[in-house]
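What follows is subunit A paired twice: with subunit B in the first complex and subunit C in the second.
== the complex of A and B ==
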């Protein structure tokens, strides 16, 4: 609803200048990745396809090939999303539908963990992975990332299961289907929007994840794109053209999703489901 | 005969109770395992490690040293500086997050939906962009002339991250966090009945009075929630600082509590990392985190969130 009278239009318009840095930042990334030299936001050199040479190069300055980092990132993100969806749905289904002692306590713990800042546990997680022999492996990082995202996932899926009417499940149970069968064949297909929401969250979050692979992975053959890109940022003389190209390459899936699904993302993040 | 029947009934009841338990157990097993291994166990491990002398040298065989790490922590001559940095980081970023979030919510609610939505979506970008890419963009924009946009616009050639580290840190973190408040406040403003605005308009309230006397009082809970939630997450977050300044430039200029803990325990620049010392600093955060998140539950009415399950047939 309009709050200000029309003659204050200019104030509203200038308020939207707050967005300028974001637009400028995105423009900088794209221009710097495409041109040889960029002064501010003005290209000062010709188009520079050589910025993108890293894509096919076997190694840039002793790093693993970009393709390896890309594959690791894809593997990491999809594994986290897949495991999280299955594990969180199972737990959420039990909390939403089944009666067991300690149910309320279980939910309380999930909620507390949802609010609890997991980064503070990183030192202990490092130690535990070393003891388990999972340090410096993608499997280890996948498990940690999935676990840290679980409280959100369980909480989100519980909301979806709670909202579902249970007549269908009841009918299937009466007809002799097992709980396990009901969960997979009846309940899960009905919460598809929830699975999609959780999947999107998990993919976006895992794709961007930096601090976990940075801390828990040493060998460069297990690098993800996050650690791959970061290795360029700490160099004394950064070739910004190439690094911007790496950055744009890495951010591309996110930008495509943003371009196609702005509305969806707004509903997702605005729905109060994500802290 | 009667005895046998009773025994059979009891056996069936036992069987049903057991069957009633193993189904939920099966469903909860994977989640419980992962959460125990990487949430609950780490809480205990952090506390345990903070009472040992564990370091690179003693990694395999740490000794119990009681409160020594905590005593060293209190005696650390740089503790004051780190505490000051942390307070500065949390308060300034929080003010930016809540202030800009509120401003954006008001602005985008004021204009028609088709103008408001793209603006809100745009502010999601810093949050969903991979942090390393986001920081790369900040580095690019804050370079010296003729490359850096900030230098060109201001007219002074500087590397602004080294020249004004705190401004950059607060702005960079703030722009990521502002969308949180923005979305929360927008939906709260939307749920205000239109009658209230008509009534205010009829009574001749100015725009400022409408915001101050109608909107803000109704936004009390979302404001409180955003403040509480973000305080805790800012207190423990250090990812963007690590990437932007790595705690520098110079000596501890922008090192906050959580970053210092991380570097003490996990960064190998000085050879022998002080794992126990880092754990002691992290333990403080863990204790604060547990206490505050339990308080949230009380504050934001946990009972209402935990309804009984829908089907009690197992």
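== the complex of A and C ==
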């Protein structure tokens, strides 16, 4: 790693400075979750394991057990990521490779859809889910979240497919592959970095999603961690220690995921465009 | 491996409103090597992809022997193809790349191993089979692509600009090698190229394409000696033929400010005179002013002005051509090519 030129060091320093508030916020979260009292960023009391009581308790004040919310969040995020990867890669491949009537119109519409703020659609979505009988179900929220994420996914994957060499696919056709086989065994493996990026973004976006599960799910057995956390904030007396603990509990799986996949992900961001 | 006859009948291809290929009739004899030559966008690659089955023709038919194939999927046509970019699978070793078509046909492992190593030996890449495409030279990639096309012993071999990504030196070597291999195997081959030297050197016959049509389909020598129209005349040969617009009258050709004797033809009126730079000599009656002389090494390319016309001639390096000097040009009547006003050959 070459040392930065001296005149750039102030730039790096100010970069760190800009990050400071966020880092401080994270530190506060961790400290508040662990200690009884915190003054600023200095622990002022003994360790407070009681903040974590929610983990084991079957159900507190109409809430589901934390494990149920956790499992719902995991199910929700992975389902959104999986469906989005499948649908977006197929749609993007068709747009990138096949000539069909209305192709450019379709692309434009997809982009416009992405520009729609999800909140402005909430009431309409509510009615649609009611009619379909999917209101208050995890499946319904998964479908809505996936639909809202799809435009970005399609555009991202289209970029990756556009970058692929046509000749490679022609070669596979001449070598004896079916059209479907070419997509599955030649094109998809070559856009693996794209699929990984899309999957990561979808997963994180779904994990952090609040407004959709909050509005479209009522029954506590279908809550995700986001709604679970929110329920602590609206109580008459807010126990910051416990809220912080729940927040940390909410963030931990993502951190663990990053820890495990770090090497893979860094590789993805560094060399994603190499093809 | 025995080649098969390929016949194209009334073949055309439209992309929306763009006509890429216009009613093409052409046959390639069994075991023959034919080159499709032309500038980019002339329809030669479109034709190749129609034969391969990547595109479907808008009209017309394609026959391999007696079998009509234009409705068949590429895999049912039994063709091998080499692409300009080689299109090797980057994540597979050369061995797996070459084995790919056989694996798709679910051939037994022993047969795959035997055929791959046999084909690789034939092409001299047996020692790099365990490497990936990114780890071998361009020449070796090109051979691997050729091996992949040949390993399934196709009846028809299609080559799309196979040499254009090679260094000039390796290109000459690869040219001779492909030609020798093609003859030994007897596989019917179509080569698409924009490089006339490649087409003339490698092919038994050459089809010259322009604007979606075949301008002439003949042996390399015939293309050179009897170009059928002004496009072929100007496209084949290096440096290109001088093609001059003027009037044909009896046994003379008259251009802007000068005239010369030509063979007597019945055609009268507007037309073109073509004469190759190597056929022009000094020592005749046409007065010309030297503009510039470029040294090519063995000879020199001299640009002269005759009347309002610029002509190029090839002369021995020893001859002196001082700029602005006046020379007498000889345009041998038995060496000129005459074309009518539409550019078609006369006589």
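Everything that follows uses one rule, which is that the second predicted complex is superposed on the first by the 230 of 275 C-alpha atoms of A that agree within 3 Å, B and C clash if a C-alpha of one lies under 4 Å from a C-alpha of the other, contacts with A are read in each partner's own complex, and residues count from 1 in each chain.
Quick note on the criterion: a contact is a pair of C-beta atoms (placed from the backbone, for glycine too) under 8 Å apart; a residue touches a chain by one contact, two chains touch by 3 or more.
It should be emphasised that the depicted structure is a prediction, and the values quoted were computed from it without experimental measurement.
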Message: Given the alignment on subunit A, is it a clash or a fit between subunit B and subunit C?
response: fit
Field: subunit B versus subunit C, judged by how many residues of subunit A each one touches
entry: B
- request: Identify the partner contact of A:167: answer first if only subunit B is touched, second if only subunit C is, both if each is, neither if none is.
  value: second
Touching partner for A:186 - first (subunit B), second (subunit C), both, neither: second
Message: Taking the superposition on A as described, I'd like to know which of subunit B and subunit C A:103 touches: first, second, both or neither.
response: first
Field: Partner chain in contact with A:95 - subunit B first, subunit C second, else both or neither
entry: first
Task: Answer with first, second, both or neither: which of subunit B and subunit C does A:175 touch in the superposed model?
output: second
Task: Figure out whether A:142 sits in contact with subunit B (first) or subunit C (second), or with both, or with neither.
output: neither
Task: Classify the contacts of A:115 with the two partner chains as first (subunit B alone), second (subunit C alone), both, or neither.
output: first
Message: After overlaying the two complexes, what is the shortest C-alpha distance between subunit B and subunit C, in Å?
response: 5
- line: Footprint intersection on subunit A (subunit B / subunit C) at 170, 173
Task: Using the touch definition up top, name the residues of subunit C that touch subunit A in the complex.
output: 49, 52-54, 73-75, 79-81, 83-85, 87, 89-91, 100-101, 104-105, 148, 152, 158
Field: Footprint of subunit C on subunit A - complex, ascending
entry: 165, 167-168, 170-178, 186, 189-190
Message: Going by the contact rule set out above, which residues of subunit A touch subunit B in the complex?
response: 1-5, 8, 12, 15-16, 18-19, 21-26, 28-29, 32, 37-41, 44, 86-88, 90-91, 93-100, 103-104, 106-128, 130, 143-144, 146-148, 150-151, 154, 162, 166, 169-170, 173, 179-180, 183, 204, 207-208, 210-211, 215, 225-226, 229-230, 233, 238, 240, 243-244, 247-248, 250-251, 254, 257-258, 262-263, 265-266, 269-270, 272, 275
Field: Residue ranges of subunit B touching subunit A (in the complex, touch as defined)
entry: 20-21, 23-28, 30-32, 34-35, 37-39, 41-43, 45-46, 49, 59, 100, 103-104, 106-107, 109-111, 117-133, 135-141, 143, 145-149, 152-153, 171, 175, 179, 183-184, 186-187, 194, 197, 207, 210-211, 229, 232-233, 235-239, 242-243, 258, 261-262, 265-266, 275, 278-279, 282, 285-286, 289-290, 292-294, 296-297, 302, 305-307, 309-314
